[in-house]
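Next, two complexes with chain A in common: one pairs it with chain B, the other with chain C.
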Partner chain A sequence: MAGKKTIKTNDPHIRQLAALVGGANSILYLKEDLVAYDCDGFTIHKHLPKAVVFPKNTEEVANVVKYCDENDLPFLARGAGTGLSGGAIPLNDEVIISLVKMKRLLSVDMENRRAVVEPGFVNLKLTNSISDKGYYYAPDPSSQYCCTIGGNVAENAGGAHCLKYGVTTNHILGLEVVMPNGEIIDIGKEGIADVPGYDLLGLLTGSEGTLGIVTKITVRILKNPEDKQTVLAYFDNVADGSQAVSDIISSGIVPAALEMMDKTAIEGVEAAAFPVGHPKDIEAVLLIEVDGISAGIDEQIDEILKVCRNRNVREVKVAQDEAERGRWWANRKTGFGAMGAISPDYLVQDGVIPRSKLPVVLERINQISEETGLRIANIFHAGDGNLHPLVLFDARIPGQIEKALEAGSACLKVCADVGGTITGEHGVGIEKREEMRFVFTEEEIAAQTDVREVFNPKNLLNAGKLFPSPSRCVEVKKEMKAAANS
Partner chain B sequence: MDLSQDPACTTNSLSNYFSKDHPDENKWADCVHCGMCLESCPTYEITGQEQHSPRGRVHLIKSVAEGKIGLNEFFSDPVFACLDCRACTTACPADVDVGGLIEEARGQVRQAMPLTGWQGAVSKFFLKGVFPKQTRLNKLGGLLKFYQKSGMQTAVRKTGLINIMPDHLVEMESIMPEIKQPVREKYKNEKVIKAKGETKREVAFLTGCIMDVMFSDINEATINVLTRNGNDVTIPQNQGCCGALHVHAGDRDMGRKLAKENIEAFKDADKVIVNAAGCGCMLKEYPELFPDDPEWHAKAEEFSNKVEDISKHLHDTGYEKPKAELNKRITYHDACHLAHGQGIRQEPRDLLLNIPGVEMVHMPNSDRCCGSAGIYNITNPEMAGEVLENKMQNVPDDVEMISMGNPGCMLQMAIGVQKYGRNQQIVHTVQLLDWAYQKEDGKED
Partner chain C sequence: MVTTELLGEMKTFLPNLKVETSDQQVTVYPQTESEISEVLKYCNENKRKVQVLGGGTKSSLGFPNETVDLKLCLSEYTGIVEHTVGDMTVTVKAGTRYEELQEYLAQHNQRVALDPSWPEHATIGGVIAANDSGPKRLGYGTARDSVIGIRTVYPDGRIIRSGGRVVKNVAGYDMNKLFIGSMGTLGVLSEITLKLRPVQKSESLLILSFPSGNLEEVRSFAIKLLDSMMEPVSLELFNPGISARLLDKNVYTLAISLEDVESSVRYQEELIQKLCPTEAELEIVSEEGAKQFWKKVYTTLPNGNDSKQKDADSEKAVSMKIGVVNLDVVKVIRESQLLSDGQAVTVEAHGGLGTGICQVMIRGSKEDVVQTITRLREYAKTLNGYGIVRYLPGSLAETVDIWGDKPSYYPLLEGIKAKMDPNRIMNPNRFVGGI
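What follows is the complex of A and B.
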């Protein structure tokens, strides 16, 4: 890999694309190099891309997109590839536009509390770059050590602290976007929170890379809270734990984070790299954090301790220092990866339910686990009702992938049936396309794909994601529309 | 029956690997492809490419087993571009042994495509001809010493002969420490180097190859510090190279041979003290080399439990705190094979903090690889140079010394100091402690 490489193929597209991004060192096209790009954090579907290009700036992105558009080559954008719903998997031999080389922090404006980053800039690096000045970036997906802010925008990423501070969309002030025809546009660039006209920032954020490729992002940064306290509470039954969650919220406290893990999840995190010594025989652990101005924090903690005791908590404790708080959070935030310690593969689901339904939903998930014979661990952003059932399986055993998918889908059906929805923060991607039908009618889905067509009329950009393949009536409708236009 | 309609055959055998000593399936089964390792990886930081990231490498190693790709140069490239720094094992939530997988995969690549041409010749010369044979290594040391003392070094530098050497070799030549007599030569007639004062315990000392030839003064310092603190020191004369360089290069057979020699050489020792992080880590991983050999696996287990880094040994057994002041501003670099490989981070820092007058300055990302990585800076000079550049950016400006616990890092960091016009002195942690003792005793120059 040392030195200058040369292009070893006659494929004219590869030669052209290489020229657009500065040569052979910025493109991968041999099968062996592409294998590592056949999936992202969602490993059940795998497909090789046509090529991977590494543009260094907006113009290179735009030129690649324009070339793909003119030559009808499918393409998609990829950040760190940590997405959990398959949004960056090349289903149609796409040219992957990897944005990891665009990883600069362009500017920080303390006075107006905003920062401008390139899409490949890693989430946690933003907080690390400004923490000495007393500021931070609030959205904190558990993958924040490595996921990119561009990917966060595509997925409208959430995180443990979104209960109080909101998800990514609440922190985006402006975007530079390369449209699917290669045109470069700015949305809300001045960083004014609310501009007249339609909320295009809201539309782009969470569009899962189907409407455009974000190349510059203006985000809101926040002043560090003056004080912070963290509580760990162990419960002998799930109903008590979830009732405690509801009681905390209804007492008027808005915790910065309110997390729950069940017994199987605890087994996983304790067997993995960051154990903290949770008792093995408890049914639920709550991790609760309150932050804000110092005055009143102690009272909130007292109230939380009281609520937990009223709900028969076995043990409850307050983090004694930053190091202890750090250990508790590392244990929780590495929870998904930790499943590797107790299972070769896992499928994570991302349902949202009304908090009050948690005991009944967990009971039904237990039944699904028994029916399919697969273990299911639950990690839960309890405060905002965002449930992550982790279906544990072994892809080497024939039939287990299918079973895992079935179990995952059944979990989402349960969430939808109790009045919830199928994704809180991981996106639909490939994984939950079909489950969109649990929450939308065909007409509602068609209305959304009509919006996509305005931006992405040829559907070359990240096709096959976010929505189920159209059913017959929609296709007929489209054919009629096409006939009418011609 | 129309067989053409059946799905293509899928297999979970280790199809494209040689059956002998293949990568351990259970190691990659722990990886769920979450990506938490990405930012810890220096080669991913530089390339941004998945196949040069830990999870990407694991994915490729698995793909060979699944028959998706072959054991060829495109597989070899990412597997050999790994620094083997083990930062990913620290970052991984599921404790995936990426380092072990990489070494096993390298063994497979070398079985499939033995090195040929000059690379093969160089590798054979050093790995088979020099490192395993102490006398030859000492001769090489002698040659280097001759090179320095005879005026040849001056001549080479003045005549421009140096201009025809590759850049990275010029860099190395320029920082070569002054070669002194190896301790294994010096103490070869002493069965035991007695503790000063009361003997509290007996330890055996692995002198290392590079360490003893290039940095025999550090070995001397190690012996001083050990004997001062109640340790009788033996230097088994039949010990050899630890084999780390061979295992990193994919020569697992040679690794096993050397491992057996050392296990035999130290069989009477209760404790094996090491002052080179890379060697210490290798010795602790000897059992990994014998997955199919229960007898040697058991011996290796017993041996590896006896191995201890000098800083941890002093920290755990207690040592005399120096009284003389060393008024120095020092920053500490975590050698990968101490921090990530052996989990030793605080012990060496404590040694330094306990020297009166020492002021410790924090180095950001102190556990990021420097690019030395065994002989990586010779085999992959370009990548090693970029890794070094990133490292040097984190070295604080206003320190006088950079302390660490591994000879490879010391050479690499010395190159960094020279190349980027810095002026820090590169020291081994144990040297500082020895200097403080010497000053206390009034021996200091």
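What follows is the complex of A and C.
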């Protein structure tokens, strides 16, 4: 029970770190406790941290960071560990600074549409805390019921509704940050806009925990739209479905969300926990949501129905009530996990393409599937071109993990080749370091690591993430394969 | 002589570069990205200071009395590089005039959702480099919400891309953000990729004037409006001085813009009529009339080229941008009016109640203007905000601090500058803290 634990090691670093966070109850250092922290949502690569500390406030974070800096101990920050690219995996025996105890909602100011949270505060809890007053927090990654806003800032998280409302970076007004030397800085004080100077808020958001550790976040909150309506449309071929997407956008409608799933993805979601009865023989389903002023929505829904019919839709329907709408969204939002119902293992990818290239990209992904012999399901934020190919494989069959990794990488190459990018919302992390070369030259990568040096000159904070390192890349790939096989 | 030597040398490797010389000041007009790159590379190697120019509308923003060796003007580096209609993205060369870009996009029923000052003269590069925005940022955000990719020519001539051409992208650091609002101190923006929005189907402007002068009433009305489900794209408060100029009404006025499908616009008009305090007078201006009003607003702030223009009135106006917490805009506008009432200065001011950004113009004698700038800046500071001086005639530049206090994290800003422009050749001394 809650008795005071004692430190059972002579490692002086562990003893010191424990003292900095308030004792043995706030640190893990035994191997059996550390195993839970050897990876995040990217499970192919695993490595044990040196220790995990649980600071309760900014000062404790700063003190731990200062200690690590002075003693050249690598360290990194971690939220809920839902990241899909390995950003919180301790590659270098890091001290993990877990921010889960810093989970308070510090203030809400409806009149000025802002809220201040600690980094460990869970995304969905913010909306739940203010929904009774008619407000919400817009970024809605599928993991929003458990992921933290601190992690969302690190990854610049997106979600299904970012087509109209933007991603995390568009909603961050201010940050308190512990710099890699332990100094505490305050950017965008009070959430005031356009503060003179280079836009560090924008730079830090999405820097995957390599430039500083966020300890307080001022976010923008929005008023709920008056009304929303959701449409489901079934297509017999993907080309018609993607053309409908383009037509909707070019008709001047800005949908709140515009999602697509292909046949294999539909098979998965229908076999999993939230089936909604999608026909088994269709090639594409679109989930389209329009929100805003009630008086203007019918007009837009009519336009969407017309567009779908012009593109040979087999069936199109409008959600009749909130319950039906909720079922459709649960079916979509649990789409990744649903692949577990039709495949022992799956690998999620996160490419982005110019919307208009969808048919040709899906065709090439099909070819990759045929070449590797692995099925690939596609779940797609079609409105903003963010494609999630899900490579289905069976880790028990020797060689399949490697094949799946290769197939995933090949999908990203296709995205990059048509003018897109390798990640829209999951981040580069460990997973896509090499693929950075698909989109950036060595010079361009160096321009980015130059900026890292300004913030993180000793590179003790979350080293080895985001950028390919020329000398190590081959070795790490091998290591990844070895780890995958073990 | 610096000028002759500079010109002579550059001509040896850029024989076709267009050059103008007047009063010993050399201005070059590159027409290609490689010309920009060659010019910068030469200047960097020889430690020549460069000022970057677009349409010149912000040429007095943040400028020093620092002399530069060369002006690099992008006015002939123009044109659309790529516009993919179906993807709603456009890539454009930095010297393209903002209004020209919008006119081109309008043929496809699309637009960039920014409303900067002087759209006819300003270039897209200048708008992005200075992070300019207008009252409709309430509905559409600012440059950081629209820019998805930039090609930058670094001071050493390297061409570095950041972001990309897709609307969602987290590959690597979001370096675009560093260049937006950097005032050309990190490099020359060459090509900019923006995400687009459809042209609004219907547009309406509701002008609410408050003859009683009761700002509490304005504030509580704004809170009610913001707390409703309505979706105004501007909620801009004008002080009596500027209302008189723009609307011929010498009272506090709120300009509420609605942009949506027609049925939604009409519905919101009705709701606002119901919500409108009885003491306030409401006027509704639709479509073209609304556009004309905003056009006027976009040309009220002093233009950096003013000295070349005939409008003697705006020649003397000094302008400030003040940032505070959204609803504190009411306080700033009130303070500006008090200063105007009690002093030898006239102050015109407007600000967004949902954005926290105010624009203030001050006219008067040199001493009074300087004193007013200081007082407004101090006032903003009491609200945790800031004030910068956007436009300042040359004679005042020596006496007034343009950017105000350095932020506590200033060493990071300086560190970024030192990495990217180690010889400090780009727009030297133009930005915060002398960057």
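The definition used in the following text is that the second predicted complex is superposed on the first by the 467 of 486 C-alpha atoms of A that agree within 3 Å, B and C clash if a C-alpha of one lies under 4 Å from a C-alpha of the other, contacts with A are read in each partner's own complex, and residues count from 1 in each chain.
What we mean here is this: a contact is a pair of C-beta atoms (placed from the backbone, for glycine too) under 8 Å apart; a residue touches a chain by one contact, two chains touch by 3 or more.
Because the structure is predicted, anything quoted here is derived from the model rather than measured.
In the superposition on chain A, A:Asn92 makes contact with neither chain B nor chain C. In the superposition on chain A, contact is made by A:Ser207 with chain C only, not with chain B. Of the two partner chains placed by the overlay, only chain C lies in contact with A:Phe440; chain B stays clear of it.
Legend: residue contacts after superposition of the two complexes on their common chain; A:Leu28 is shown touching chain B, with no touch to chain C. In the superposition on chain A, A:Ile422 makes contact with chain C only, while chain B stays out of contact range. Once the two complexes are laid over each other on the shared chain, residue contacts for A:Met339 go to chain B alone; chain C is not touched. One of chain B and chain C touches more residues of chain A, and that partner is C. In the superposed model, A:Cys147 makes contact with chain B only, not with chain C. If you check the complex, the residues on chain B that touch chain A are 12, 29-39, 47-53, 56, 59-60, 63, 68-69, 72, 74-75, 77-78, 81, 91-96, 380-383. If you check the complex, the residues on chain C that touch chain A are 84-89, 109, 131, 133, 141-142, 144-145, 154, 158, 160-162, 164-178, 180-182, 186, 197-199, 201, 223, 226-231, 260-261, 263-268, 321, 323-327, 354-357, 384-386, 388, 403-404, 407-410, 412-413, 415-416, 419-420, 431-432.
Against chain B, the residues of chain A that register as touching in their complex are 1-3, 28, 30-33, 35-37, 39-41, 43, 52, 54, 80-82, 98, 100-101, 103, 120, 122, 143, 145-147, 272-274, 334-341, 344-346, 394, 396. Taken together, the chain A residues at the contact with chain C in this complex read 110-113, 134, 155-156, 158, 162, 166-167, 169-170, 185-187, 189-203, 205-207, 211, 223-226, 246, 249-254, 292-296, 298-300, 352-356, 381, 384-386, 419-428, 432, 436, 439-440, 443-445, 447-448, 450-455, 466-467.
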